[in-house]
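What follows is a set of structures for review.
Next, two complexes with chain A in common: one pairs it with chain B, the other with chain C.
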Partner chain A sequence: MTLPEFTLLRPRNLPEAIDSLDRHRGDIQVIAGGTDLVPSLKQRLFAPRYLLDLKPIRDLRGIRNGHGLTIGAMTTVGAIADSPLVAEKFPVLAAAAAAIASPVLRTTGTLGGNLCLDTRCLWYNQSPFWRASCGFCLKKDGKVCHVAPGGEKCWAVFSGDTAPALLALGAEIEIASPRASRRLPLADFYTGDGMARIKLAGDEILTRVHLPESSAGLRGAYFKYRLRGSIDYPLAGVAVALDLAPDGTCRRGALAVTALNPKPQLIPGAEAALRGSRLSDDLLDRLAELTNRAIKPLSTSASTPDYRRHIARVFVRRAVRQAWQA
Partner chain B sequence: MPETAPGFAVIGKSAPMLDGKARVSGLAVYTADMTLPGMLYGKVLHSTVPHARIVRIDTSRAGALPGVHAVVVGNEFPNRYGILPIGHDEAAIAVDKVRYIGDNVAAVAADTEAIADEALRLVQVEYAPLRAWFDAEESMRAERDLIHDDRPHNIEKHYSHNFGDVDTAFARAHLVREDRFRCPAVTHAAMEPHATLAAMQIDGGITVWSSTQVPYYLQRTIANVLEMPESAVRVIKPAVGGGFGGKSEVCPLEVIAAMLSKKCGRPVRITYSREEVFFTHRGRPSQIVDLKTGVDRDGKILAVAAATIQDGGAFCGYGPVTVLYSGNLLAGIYQIENLRYDGFRVLTNKPSCGAMRGHGTVNMRFAFESQLDMIASQLGIDPVEMRRRNLLKPPCFTVNNLRVTSYGFPECIDRVVEASGWRERKGKMPRGRGLGVAGSHYVTGAANPINRSDMPHSSVTLKADRDGAFTIYSGASDIGQGCDVMQVMIVAEVLGVDPSRVRLVAADTGTTPVDLGSYSSRVTFMCGNAAKRAAEELKKEIYRVSAEAQKASGKPIPQNFDEALRLALEASGVIVAHGHYAPPEAARGGHFKGAGVGPSPSYSYSAQVAEVVVDEETGEVRIEKIWAAHDCGRALNPVAVEGQVIGSVSMGLGQALQEEMIWRNGFLMNPGLLEYRSPASCDAASPDIESFIVESIDPEGPFGAKEASEGSLAASIPAVANAIYDAVGVRIMELPLTPEKILRALKQKKKAAA
Partner chain C sequence: MRKELVDLSINGRRHELAVEPNRTLLDVLREDLRLTGTKCGCDDSSCGACTVVVDGQPMLSCLLLAVSYQDSQIQTIESLATQGELGALQRGFVQEGGSQCGFCTPGMVMSLHTLLESTADPTEEEVRAAISGNICRCTGYMQICRAVRHAVAEIREEEIREKERLHA
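Moving on to the complex of A and B:
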């Protein structure tokens, strides 16, 4: 399969980048690491006239320690996985970054790209010939959802690994915009719709991720279900971050999941369940049940919805226990 | 360990592949790397419907696109072909109807790939849909909308065999088990996608470079389709990045590239996308096995009745061979005196299946070795003991007339039992951890050629020339398995020279004598014997010519080989000798219908022990270790044998745990390496594999060598299934052995116990 023809724009700075996005609006797309975008371009899921390469903008790279941690969107997930600073302050993020794809892909894929990842579905991530043979689908060129026929909603699943870790840590993101740059909780970035998955206008760029100092040093764990030991996107992912008092009581904690819904998300009620609790089977069961209520895996991937529900529950128990006992 | 086998100078000493350095440094030239002046890019339009008559194809707009030099549709080259003489049912481009999503409808050759893609978008095809058949059992009930009009009920082939007195044996059995096993389709996933470069020559001939395991069959097929004499078709096999059976019959792109080149007179190269490789498939069929085995009180097998349905996809391909291997080879590893077999090969509207490593035997072996364990468990017999009680007693002929000459299977069992600590550890491991054993076997080439004749299956020409080097001309196709260096080693050993003096010209129908191809693990035995005979002949000839020359001039007869060579070359300029191999009559099998497939000059054997850990909460399996012993007759090149054994096991573990072609409503959901999960290096399915070479020294193999590349695959799968049973007490009878299936079985077991 060949790439569609496009012009690669290489802006020197952020204003130039925003300007290009504005000028070619509707016909331009941002490329970060490209590990997900390039295969999608070959499959003609996108065919923009212009690709805007953020690599030349040095500002967008690097991990800055200060009050909390600021990570540029173009920092590779490999750099995050290998950073002693991240490992020390935010172990759950280090674990999630290290679980992505393979070493080679991690040296290319970026944090921003991982957070803006397109949603995935077996009926969508296919060649034009393949998609034509099934009459296309709701997400691209068609009118039917093959996963939930009759429905109006796209259930393609968000499959980034870093998002649940960052959600559990209460991360915020910074977005550059021709109007006013803004900063918002990562949790508010995702829509839950498989099609318009993120709240990012065509002329905006995700530039930075801020990790709050208040989350530094939280115990954490990331559990990823996949069929292969590497390469695979998660079929279910569970991240947990915990602040424990010296007596083992949880002062504060959060639980988030990925690859089970069209968006990565915090598990509602988990924070309240964790606060002031001690580790017990009852607590783990409660968290598993809260997770079970929050997710809706469908047949978008090779693993069945039932099994992904099961593994999500098991991984919630294991992740919380491991983080607690770490 | 000695560097070479005792008494040998070269044989038994590990040697790298001749092009090993080129391959690992990126210098090896594969077909997709090649370009020629004026070369065009070919692309194929694929059917988006599974079963339909083609009402109309309009290629006028595609043909008018600037940069397009040829457009071809099926009715321009309607001659049918197929790998088997009984199955000439394919055209590279569909002639009147399409039979699967992905079938070939038209092709173009253009200046660039982008123009070719654009041209394909301009081709308009009108289809009249027919009912599509996706399930083999349903397809067998078809009355209308048949996939091929001359195949009633979509049954490609049905074989029915009955040896001994099966019913009487079942009647006196102490225990009879009947079980159904299911295996989904799996595919080869060779690293190199298929690619072909075809170039019409100014003299009217055509030269084709292709990623193939079978240059000589490709030559025949192109001659047939293009209606040219075979002598005008030259096929050259460049470096090939793996085949595993997927390139052992002619694939559509090979013929289409030739069609396009013939039409426009320019070289045309087609490289398949990975998706196209999946739709070309030719892999292991989805298969249902109904297996019935009866044993006496001591576990001795009295009778076996197997019935199987293979979902073969849209064309015949190797189908009848696959279904016959499944049945006939049942008799080749354990003593079975009463054997019944019913094998159906069924057509469906899916990509055609074909040969894949362990051809025909793998799914049947999963069923057989699983059931053998189930019986052992019911009788309270140790699984290893169960197997030892049912060994063949070679030299012998099996009940269906397979001739078994060498049989290292008992030693294979001994080796893995010892290495794995079976006796000390089995049954004493913590819950969740288990050991499983299984055996397997495979042919060392087919004793009967695909196109029946008494001609040699392999011929080798060997030339001695004035530079002191020896050149082997051999049709054998090295596809990564190392048969090039194997021939060099054999020739060097026979001549008593350093291997650096032996050169090889291989797999070029324009210059090398016929070798049938790299399939059914035939090359070491057949081409190896031909090379050995050629070298023996050459040596004799060198001494004869030099002696005659010396006698004529009254000088002493030379005693030293190099001296004799110098004198012989002085006398005659060049010395050439030939060697051939055809299997002996006694190895060619019986006379019943379907007797031709299964007979082999020799059989290889493997025994394996798997150690697994099962997570009972998730159903996930981690394979801790595989001990694999393989009887390869004699290891000519030990590192190559070990590589093949480890590779076979690894491929088997992929099928055991995670590989499957996933079909939903007739759509192949995972036509790519992201979603088709061949094991990666850090997988549960990529454990430490310890290989053991067992040398039974085959009486007819070159220096005693026989099969090494396929026979170890089949044992890996049941060894893991049996180990899972040992670990957690559940028996999974459908591949792959996924966490979900294991979890379901654990839940059912818990429920039954409650």
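Moving on to the complex of A and C:
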């Protein structure tokens, strides 16, 4: 498969990158590791005139230990999965990063790319021929969402693994823009719309992820459902982070999911349910039920909505139990 | 589309060539440099047949834009044989039947080559993890895992012989 024609811009620093984005607005796309973008370009889901390669910008790479951790957006997910520092301070993030795709993709894919991942759908991630034969879809070139034909909304699913782990840890992200750079909680980054999935303007770049010191040392677990265990995006993902008192009572905890909605999200009510609780079947049932209410898996993948709903509840129980007993 | 003059370091040799920015490293290796050992399987990052080693790490060349990798050291399957003689890992594949149709073999070997560079005597689990992004439809993987054992044993014997030679 050939790639569409484009001009590749290789900025030496961030101001130069922002300047290019500003200049070619509407006709330019950022490429980080390219593990998601390149196949999508081959499928002609995008055909920008310019691609902006972030690889030459050295500052965007690396894990810095300070008050909490700061991870550059161009750090590969493999480097995060293999980092002893991340494993020690933020085990849920290490587990989520290690679950991404396969080793030969983790050497290339980046944290920033994983957070900005395009939403995925059975009707969207296909060749032009396949999509044309179905009359295209709402997300690309068509008018109807084949998943929910009666509605106006695109239900393509956010399928990054690191986002739920970072949400459970209360991470913040830093965004560079021609205006002032801004910092916001990761939870505020996602829209819930399968089309305009993230709040990132055309002239902005996600540059860093900040993990708060207050979340360092939280116990964690990440469970992921996918068709092929060795590669693949999640079809359901559950992350949990817990702070336990010496007597085993939960002082603080958070539960987040991915690949079940157009955005990754914290489960509302889970934090309150966990605070002050001890591990019990009742608690696990309650968390599973809260999750059940927050998710809306539809027929966006080769798996069924029913099974993804079922496995999400199972994974909530397993992940919380594993983190608790770790 | 305008071609760019690029300078790629492949198997220890520098290659200057004119390349369109939308061509993958896989395209350039196979079509421009005729290094056809690297295979194109799925061309969408699912199969691992196009695995090459970039700066010591296994990567899928069907995903990499060639012009972006001018500062990197790229290693392909062609680098493993010396003076026409296969490397230990490749001999292991031959001895154990790790290569049947052969299409996945170059990618498998490159993934395992990086594993052996960092881990001289990997566990079965480490071997399986290292090739988890490389799909093989013939062997059932067992012979590939045995090929690694074969190579590890051969490399160790060679080291012992080398030591004995030095002592003699």
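Points to keep in mind about this one:
Rule of thumb we're sticking to: the second predicted complex is superposed on the first by the 326 of 326 C-alpha atoms of A that agree within 3 Å, B and C clash if a C-alpha of one lies under 4 Å from a C-alpha of the other, contacts with A are read in each partner's own complex, and residues count from 1 in each chain.
Note that a residue touches a chain if its C-beta (ideal position, glycine included) is under 8 Å from a C-beta of that chain, and two chains touch if they have at least 3 such contacts.
The structure displayed is predicted, hence computed values, not measured ones.
In the superposition on chain A, A:21 makes contact with neither chain B nor chain C.
Of the two partner chains, chain B is the only one touched by A:227; chain C is not. Look at A:102: by the touch rule set out above, it reaches both chain B and chain C.
In the superposition on chain A, A:133 makes contact with chain B only, while chain C stays out of contact range. Touch criterion met: A:304 reaches chain B, while chain C stays clear of it. Once chain A of one complex is fitted onto chain A of the other, the partner contacts of A:218 are absent, as it touches neither chain B nor chain C. Of the two partner chains placed by the overlay, chain B and chain C both lie in contact with A:1. When the two complexes are overlaid on their common chain A, residue A:122 makes contact with chain B while staying clear of chain C.
In the superposition on the C-alpha atoms of chain A, the part of chain A touched by chain B in one complex and by chain C in the other spans residues 1-2, 5, 102, 229-231.
Partner chain A is touched in their complex by these residues of chain B: 46-49, 101-102, 113-114, 117, 273, 275, 617-618, 658, 662, 667, 669-671, 674-675, 677, 679-684, 686, 739-740, 743. Those residues of chain C that touch chain A in the shared complex are 1-2, 4, 20-24, 43-46, 48, 51, 54, 57-60, 62-65, 67-68, 111, 129-130, 132-134. Chain contact summary for the complex, chain A toward chain C: residues 1-8, 10, 31, 33-35, 38-39, 42-43, 51, 53, 55, 78, 101-105, 107-108, 229-231. Those residues of chain A that touch chain B in the complex are listed here as 1-2, 5, 102, 122, 126-127, 129-130, 132-134, 227-233, 302-304, 306-307, 310-311, 314.
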